[in-house]
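Next, two complexes with chain A in common: one pairs it with chain B, the other with chain C.
And then the complex of A and B:
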């Protein structure tokens, strides 16, 4: 490691001037920007949650004793969990087929997974409004087939929120799963088959356990991102499915209760950072596992 | 691969069922596009699906209403500088963390990526009072700053991915042979990471173009972006105008996607030739 004592001989020659030293200086501009416009605002929110309108735990006392706020936080967590489970169940077969398919099929599925990622979340939620509204496609289908007599009010409601959120989160589950499944050696399954395992046994005993790192990384990512959802629950869930981000926006922008909004945001921040640190560790392990396997 | 032909029939039925399930899920994934597109050519003023007749009246309405053009201009005025700034800061962060021999590089990377992972509403209510203090609330600059913060991680991720495939030996060689750090960057490093920087820039622009929460808090009447205008319209009334706007935006982002995947293809081809 030449860069350990870079300035010892003090010469101006380039060989003594370590490249690593120069590269460390490069961190100053992005570090300053992120500190000023990311860390300072975030700490500002935390500070405000303890100081607005008066210094103390007033906002948190309201948050954890008043029914609606606690209810909203709980709903946020259960919704994120539900979305994660639904995403996992729908993403797994897609990733399985994609990881083992021919290249052309792989590219087709890949395109179908990536295109929604490039479509505005507002617009996708709007499309689900068209599907779920009172005179929408779903209600037309339900009434014309005689399954229901009168149109169902899906909006505002939880079903519409789940369908819309899973749609947005699905690519974030499929992509880590595919990355992990591609690294699973197909010869292991072939060997199991030769040794007499049925495909179901080979899948359950070999493929499924080996895919767990991808499952964990994808689930942590989806759960974390679901916690902060705003657009979909605000459009499709309304007051019946008030998730934390919607409540924060409402408290700040409409009720002008910045202290409470900041306290809610701080709780959401703590939750997200906790899941994020788990995710970072998990995805490092997936990458590390891949590197050691080769 | 030939094994499939000698499998018992029940396994093949299992395979068919799997194909059917996956097809259904993929249809679900692209369903919104197939709803929005026909709806935008509907002849009715309310949302009826499938449309009973065709008309281009909603596109004419967009052209006539100046607020759509104004919002699009605002989105570009905010998105392009935000993407360029993200490219600069994201690239610097990636270079520094990958080549700086930092001890806590893992934690630092996690911190740089954090702005995309944390709920935008937290950053929005944090930046709002700050922008009031700086007297920037409601200006383009306020939104540019906010969108740069969420764009930096995207550039950082793409550039880091490119840097991870190279070990820095070329830069070291250039500097040993007497190149200044500045020369090394422009002659050696930048040509290697160029494509990662551009793809990251496109991602950052797309993120800004789609961003709603920061725009809700930071932009005002004269600076509102396209997503904010759509949002305001959605909360008031549902007309096929939104579907027409959505179709135009979709066409535009599809162009961006094609450019990004073209760059990616060029990048991987270069890498193959470089590796022999």
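And then the complex of A and C:
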């Protein structure tokens, strides 16, 4: 296979196959599947939000003028943001240790991170209910050690919601971070040490900037996934955590008002796309910066 | 009646997957004329599906040789199937206040009630597109370890209780009991005075622990997470008998129903009519009431039951009120929006 090296593409005659052509060809089947089973339905949803029950902005007027929808969207965004920040703070040290550990330790931590994914989100949310309830193990520990006199009402509450959601989202933050941190050349840190940097300096000025692409990727992933959260806030949180997904389900499945449900879903989609485009811009800039040795 | 009874489980998922494949198989034209070997019924799953299996599906199989396959009863799926003209369900069961929405949206076939003895059915249980099959009670329950003396006898006393109160995070039934707690008489409930109900809820807002699912609401009571609260009787009946620290009263309860209906364009409409008819017979409903503590819609079923069973069955009467599904069908969207706005305020 002479055309293995893509760098030679430019010199090749167009009649013969290049690796880029081959890659493009490979992308056709998944692209077609995505278009057929993902894009077409999504455009259907968007179209419905403008056409059901009548053509126009009826549903959006309902969303943006009155009712619980704007408030719920705002709660959704702030909850997702909070979960992202908490995930990042928790995941970063784990990923750091994991990326720099021996292979066997790395595999062990990796397993511990991934295994919770095997249990359904509903079951994990119920499990957190058991932990956080009045006679749950957390309260038992708090009262028996004398830290509090009467059990704390964690449910419904923000602490329970954040712990439950962060628990579910952690792998999606840790894995991109680890992938990124593993690609950071350890010799750069050694070199910084040789040149007189303290470990803290080396971390802050070498490692942290180099890990930003992982931070951005993990944060974008967690934020976008958290926007669609449904069951965990419903079980662990009060009305202050009524996510947009709950309202969408209500309209789609119970009121059967698909126009309004589609409009809500479209707004969430626009939000997600907006976050994604910010992510793309930022990560281009970060990587551009890194490439220019900033 | 997804919330009142359901549990998502693997078996149900497999049943749904099976039903999907079955749809492919029975879709072949040469098989359309023949008697079906299987029919599909959409249910809320869990305990209620097990009860149907024993009390309706088994006699049906004996009578006709037809197996019933079950699948989940999501309203969105029904609407999508009918819109696409590819209905896979023959019969569906759901909460009456949801099924009436399906009927208003034109998603259901008309029922053949010509052979039904309507004099035997409780008033309000026979509709053009669906039949009520049972009565469950949204009732007052309490944890016996948290509330040792003077348990609440009515909603007013529940509101006054010291401690936390579990309520369903949906307007249906919750607004009704809020009005009862505020002194409205059972007979004067409808049309609901929504603002008054919300003011009544305002008074206990800091004490409320909202639950989203029936299993969760029951668990709050069983674990003593709340002192007392509202729950469907079927959720606490068995735990109470098994010795859990929970008790309840049916006084002033709001009765809610399961409804059976036939989706528009069902594959085997004639057979589906027969199955719905079988489900509303006295024999089937009496057998059902022995499985789950829900009162029969067919009064004749009561004559087949002993007093020991009957005492725990909710039946329309002076100390309760049947949920006005006509009211909710007409006002549900607006009231739901108002309720959610209040929740988030």
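To be clear about the criterion, the second predicted complex is superposed on the first by the 225 of 294 C-alpha atoms of A that agree within 3 Å, B and C clash if a C-alpha of one lies under 4 Å from a C-alpha of the other, contacts with A are read in each partner's own complex, and residues count from 1 in each chain.
The rule we apply is simple: contacts are C-beta pairs under 8 Å (C-beta built on N, C-alpha and C of every residue); 3 or more make two chains touch, one makes a residue touch a chain.
Keep in mind that this is a model prediction, so the values were computed, not measured.
*Asks:* Applying the document's definition of touch, where does A:122 land relative to chain B and chain C: first, second, both, or neither?
*Replies:* both
*Asks:* On chain A, which partner's contacts cover more residues, chain B's or chain C's?
*Replies:* After superposing on chain A, more of chain A is contacted by B.
*Asks:* Going by the contact rule set out at the top, does A:153 touch chain B (first), chain C (second), both, or neither?
*Replies:* The second partner, chain C, only.
*Asks:* Given the touch rule stated above, what does A:239 touch, chain B (first), chain C (second), both, or neither?
*Replies:* The answer is second: A:239 touches chain C but not chain B.
*Asks:* Who does A:258 touch here: chain B (first), chain C (second), both, or neither?
*Replies:* The answer is both, since A:258 touches chain B and chain C.
*Asks:* Once the shared chain is lined up, is A:282 touching chain B (first), chain C (second), both, or neither of them?
*Replies:* Neither partner.
*Asks:* With both complexes superposed on chain A, which partner does A:68 reach: first (chain B), second (chain C), both or neither?
*Replies:* In the superposition, A:68 contacts chain C only.
*Asks:* Kindly classify A:133 by the partners it touches after superposition: chain B alone (first), chain C alone (second), both, or neither?
*Replies:* both
*Asks:* So, A:42: does it touch chain B (first), chain C (second), both, or neither?
*Replies:* A:42 contacts chain B only, not chain C.
*Asks:* After overlaying the two complexes on chain A, where does the chain B footprint on chain A coincide with the chain C footprint?
*Replies:* In the superposed arrangement, which is not itself an observed complex, chain A uses residues 122, 126, 129, 133, 135, 235, 252-253, 258 for both chain B and chain C.
*Asks:* Within their complex, state which residues of chain A touch chain C.
*Replies:* It is residues 66-68, 71-72, 75, 122, 126, 129, 133-135, 153, 155-156, 234-235, 238-240, 242, 247, 250, 252-258 of chain A that touch chain C.
*Asks:* Touching residues of chain C toward chain A in the complex: what are they?
*Replies:* 8, 74-76, 79, 98, 101-102, 105, 164, 169, 209-210, 212-213, 216, 219, 223-225, 332-333, 336-337, 340-341, 343-345
*Asks:* Chain A touches which residues of chain B in the complex?
*Replies:* Residue list for chain B touching chain A: 3, 7, 11, 14, 18-19, 21-22, 25-26, 28-33, 35-36, 39, 46-49, 88-90, 92-93, 95-97, 99-102, 106, 108, 110-112, 114-115, 117-130, 145-146, 148-149, 152, 168, 171-172, 175-176, 178-181, 184, 206, 209-210, 212-213, 216-217, 227, 230-231, 234, 238, 242-243, 246, 249-250, 253-254, 256-257.
*Asks:* State the interface residues of chain A toward chain B in the complex, per the touch definition above.
*Replies:* 1, 3, 14-15, 17, 19-20, 22-27, 29-31, 33-34, 37-38, 40-42, 44-45, 48, 90, 93-94, 96-97, 109, 112-116, 118-124, 126-131, 133, 135-137, 140, 167, 170-171, 193, 199, 224-225, 227-231, 235, 244-245, 248-249, 252-253, 258, 261-262, 265, 268-269, 272-273, 276-277, 279-280, 284
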